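Contents: one structure, followed by commentary.
Note that the chains take the letters A, B, C and D in the order they are written out, and that residue 1 is the start of every chain.
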Amino acid sequence: MHAPNWKWFIEYTHPSQAHMYGIERYVYGGRTKYQYVEIFDTEFYGRCLVLDGKIQSAEYDEYIYHEILVHPALLLHPDPAKILVVGGGEGAVLREILRHPSVEQITMVDIDREVVELCKKYLGNWHQGAFDNPKVELLHMDARKYLENSKDVYDIIVVDLTEPLDDGPSYLLFTKEFYNIASERLAENGIIVMQAGSFNPHFIECHAAICNTLATTFAINRSFYAFIPSYDTSWGFAIASHKLDPVKLSADEVDKRLAERGIKELKFYDGETHLAVFSIPKDIREAKEREKRIITDNNPLITY
Amino acid sequence: MHAPNWKWFIEYTHPSQAHMYGIERYVYGGRTKYQYVEIFDTEFYGRCLVLDGKIQSAEYDEYIYHEILVHPALLLHPDPAKILVVGGGEGAVLREILRHPSVEQITMVDIDREVVELCKKYLGNWHQGAFDNPKVELLHMDARKYLENSKDVYDIIVVDLTEPLDDGPSYLLFTKEFYNIASERLAENGIIVMQAGSFNPHFIECHAAICNTLATTFAINRSFYAFIPSYDTSWGFAIASHKLDPVKLSADEVDKRLAERGIKELKFYDGETHLAVFSIPKDIREAKEREKRIITDNNPLITY
Amino acid sequence: MHAPNWKWFIEYTHPSQAHMYGIERYVYGGRTKYQYVEIFDTEFYGRCLVLDGKIQSAEYDEYIYHEILVHPALLLHPDPAKILVVGGGEGAVLREILRHPSVEQITMVDIDREVVELCKKYLGNWHQGAFDNPKVELLHMDARKYLENSKDVYDIIVVDLTEPLDDGPSYLLFTKEFYNIASERLAENGIIVMQAGSFNPHFIECHAAICNTLATTFAINRSFYAFIPSYDTSWGFAIASHKLDPVKLSADEVDKRLAERGIKELKFYDGETHLAVFSIPKDIREAKEREKRIITDNNPLITY
Amino acid sequence: MHAPNWKWFIEYTHPSQAHMYGIERYVYGGRTKYQYVEIFDTEFYGRCLVLDGKIQSAEYDEYIYHEILVHPALLLHPDPAKILVVGGGEGAVLREILRHPSVEQITMVDIDREVVELCKKYLGNWHQGAFDNPKVELLHMDARKYLENSKDVYDIIVVDLTEPLDDGPSYLLFTKEFYNIASERLAENGIIVMQAGSFNPHFIECHAAICNTLATTFAINRSFYAFIPSYDTSWGFAIASHKLDPVKLSADEVDKRLAERGIKELKFYDGETHLAVFSIPKDIREAKEREKRIITDNNPLITY
């Protein structure tokens, strides 16, 4: 028997659009130095992590978000060894990266130590112990400063940030200047991949602007997307590099590489899924073409 | 300036999940012989049609639903001439079918005359005059009875029904018995296509059961889907035939056929979109395989 | 059988407090020159009138509001003949005043002709034909201008206005300057009575400020109140005069006067109710004493 | 600065009526043997206690409920010494009773030990240490069984129970049989007082039935009521005895007795408040007269 639905989390995506999630049990709520954190259990999506009022991931479908953020990039690279994760507090990005046997070192830079501690404590089904893996190095600092000062070179940079809210911690990690810095820290075959905003055609300007901005730095850049049930929307991702193009990977090649690497446990991603997520509906393609905005430090992206 | 958001339409998809739509202007509300009809304007999705508390289509994104329901089937058929539409009250299915120049005759059977009259009056942006096209014949009767008594043979049957609610008008049009009757009225190259329930992995049993049931009659049957923003979810469709397989149509072939038929106005559907909507993510594929249910008149499908 | 509760009117009284009313049938919505008007039917409270998002009165309990606004003042006056109504669009204030046989003339000044027309059309259970009574004169103009230019003298002024919202039509009718003007147009035994804001102890500052402001002009001023179910709160009223004090009326005297005037149809008000509504709980009395604010044209009262 | 209002407690009082409370901080949630307990902080009402989805009391206005439940009865009695409290888990009933210097012994019987423990821990502003007073004896058992087996005689019985929900712990404490048992355990001058349901005229049947049922046992029984802001409604109480009538207490006599007993800290109750709460509006009086129901063990009262 379930607890009754008297308590609701209401997430507004627009002044006239909202989603109501029945809360079964409240687990945690509090303000860190950077953001307001809430963790609660729902009957429908299991445990949920909410930062600054925006749902970040839900127990029953986080596999979709985290598999799709990680595997297209790591599969595309022939031999990913050194990985940088920007953000990614839940630890599920680490979990997915660690499935690739060639990975030697993961540096995760998440500015909010308190959020990561809360995830370690309450989101065991997400990280599954990944934080304890000896390949993982965890830093709590501004990722942009880290990259500016680092001399390390990465095969893959995975950017898993909250949406750029007005007073949130992440809006300077979505700019042309940041992508330039990131590009300098990527190896020749290097790839950057990131969550990149709603894929709802009504909200596509943010995603389009991120893609435009990546294109100022990277010769190859592609949109992809997946429907995330707990977000109530299709969500966009962006992948960019100087040399490697995920659209050239066939479904068979994806399945072959997964088999070669011995990765069998994925629930969402495989060859056919690769085809699905990189095939973009016409309305979105056309909306992306119409949007010309470039995001800069002086003209940053702020979402609702 | 917009009207203030004091009035909300709240659609529950589960006792603990709901979506709130701010109502800008209420246009119509009333009960027909078969269902409760509401039409209102929202700032975010424009005008909305709601039947028995379920949103059916919204002005700003109905193109996605109606293009994807109609064009994969009509493109797949080399020469669709005679079409049966079951349901489809808004008239947007007619509008899309009429883009195909080979179409000679469309019979639309929608049981609820009052709903169709309301759509004619209030949903002009949907039907765009399609009801007045001389190729269109409109009947108000039970579609199953119509098919049982008809001797006509159709190239395509498009089933555009409301979800099978407990006391709603449509639940006997989702059964094995109905598909058998439909099969007998299809030409050799004939195709049946339908909306087929939520594609949210948590709710996939309904869609899977519809596919299983189609498979008892049709050698070829395929799932496809699209994210419909105003539904807050990815929505499933099913297409079935004895001979023609949409998965064998390449993106280039889709674009070629659209060009040959002179169809240029589509906003959502083209070759790349075809690839997207027929590539099924792994989680859904596996969930479909697990579900064994066959829907019959004695054991019908009823959704929340 | 009732229509299902998919549509809700949500009235916020504070950013963290709201009430949800299930809408059974939407009757009217539109903007007049002065305010946004909505009329809808609810299962629980019957028909409701909403102005600028605030519920004004509901069919099933408007009797409480309108009886209590009118009868204490008219009973207190030994012989009320000439009455001014400021606002009062629904016509229910007229209906109640007309029960007093001594009344000879009622002038009603409501700035919003369109609202009054809508009330005449849709709120028949409120006005019950009162607008057609030959004793009633209806003017559509600014009530303050009317009083400034008028030479008429009234026995009673009933002020039945919407709350003073920022951009609403009524905030200059709650100031010291307005009460001075009103006082000059009252006969020696004259009485002014008005709705005067929420009686929730958390919101009592508005009511207290209105009382303080009345006290700058009138020697006698009293708070009274009633619980209005459709408001979800106890609501305050204020009555003021130079000579007559309602607190000196005993319950028996109220019942005697009602009988003498032949008024038998009241549902809410009688002698015992008079005692109830003029006996103020200690917390409210003390909160009123703490509040020192005087409302002026330069420092007007604006509510949430 | 306050936490943002993303989380809401929604209390339905009817399928088409609900109130939304913004939750600032969630303190506790869990099921005891008898009921589901939730404690959270709101910006507007401070800390709130919710049992089985019904708000029981709120920090900022619990003084109204608890003063009005306790003091009319204790003031009416010339010398209350031995008191029984049925329910009353928050400890605020104890706090108020202990203000009367003649009180020698309070026995509190609350079936739900876990709720009382939670109140001790989290609701310090309610009980203010009252549980530790040596005059207080606390028992956790069924109050009806306790009374059946007890030989003690009480001056006052205060019944502070949750509403009689279908599967809740309290519905057999609202019946004629229970009042008979209680009557036998009252001293000659004894008084029983209880919370007695909503005073909203639309919901008055419950209150009326409780009064009717008390009248089968007690010669004197009176309704009284107060507007409880956090309940969004006027709430009813009932007091009954064989000899003493609270309506015969004048406001002056109430103030005199409070002074004699040295009780100065009350925020809500005094002589004028006594007059207010025992003066019943006409609509409620008439609705009470129409209701004939007697509540019995075989035909118990169950509220929504």
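The rule we apply is simple: contacts are C-beta pairs under 8 Å (C-beta built on N, C-alpha and C of every residue); 3 or more make two chains touch, one makes a residue touch a chain.
Just so it is clear, the model here is predicted, and its values are computed rather than measured.
For chain C, the chain whose average C-alpha position is most distant is A. If you average the CA atoms of chain B and of chain C, the two centres end up 53 Å from each other.
Each chain gets one centre point, the mean of its Cα atoms, and the points for chain A and chain C are 56 Å apart.
Residues of chain D in contact with at least two other chains: 10.
Of all possible chain pairs, the ones that touch are A-B, A-D, B-C, C-D.
Against chain D, in their complex, chain A makes its touches with residues 3-4, 6-11, 23, 25-26, 29, 31, 36, 38, 40, 50, 52-53. The residues of chain A lying in touch with chain B in their complex are 2, 5, 10, 14-22, 24, 42-44, 60-61, 63-64, 199-202, 226-227, 229, 232-234, 251, 266-270, 272-273, 275-277, 279-283, 285-286.
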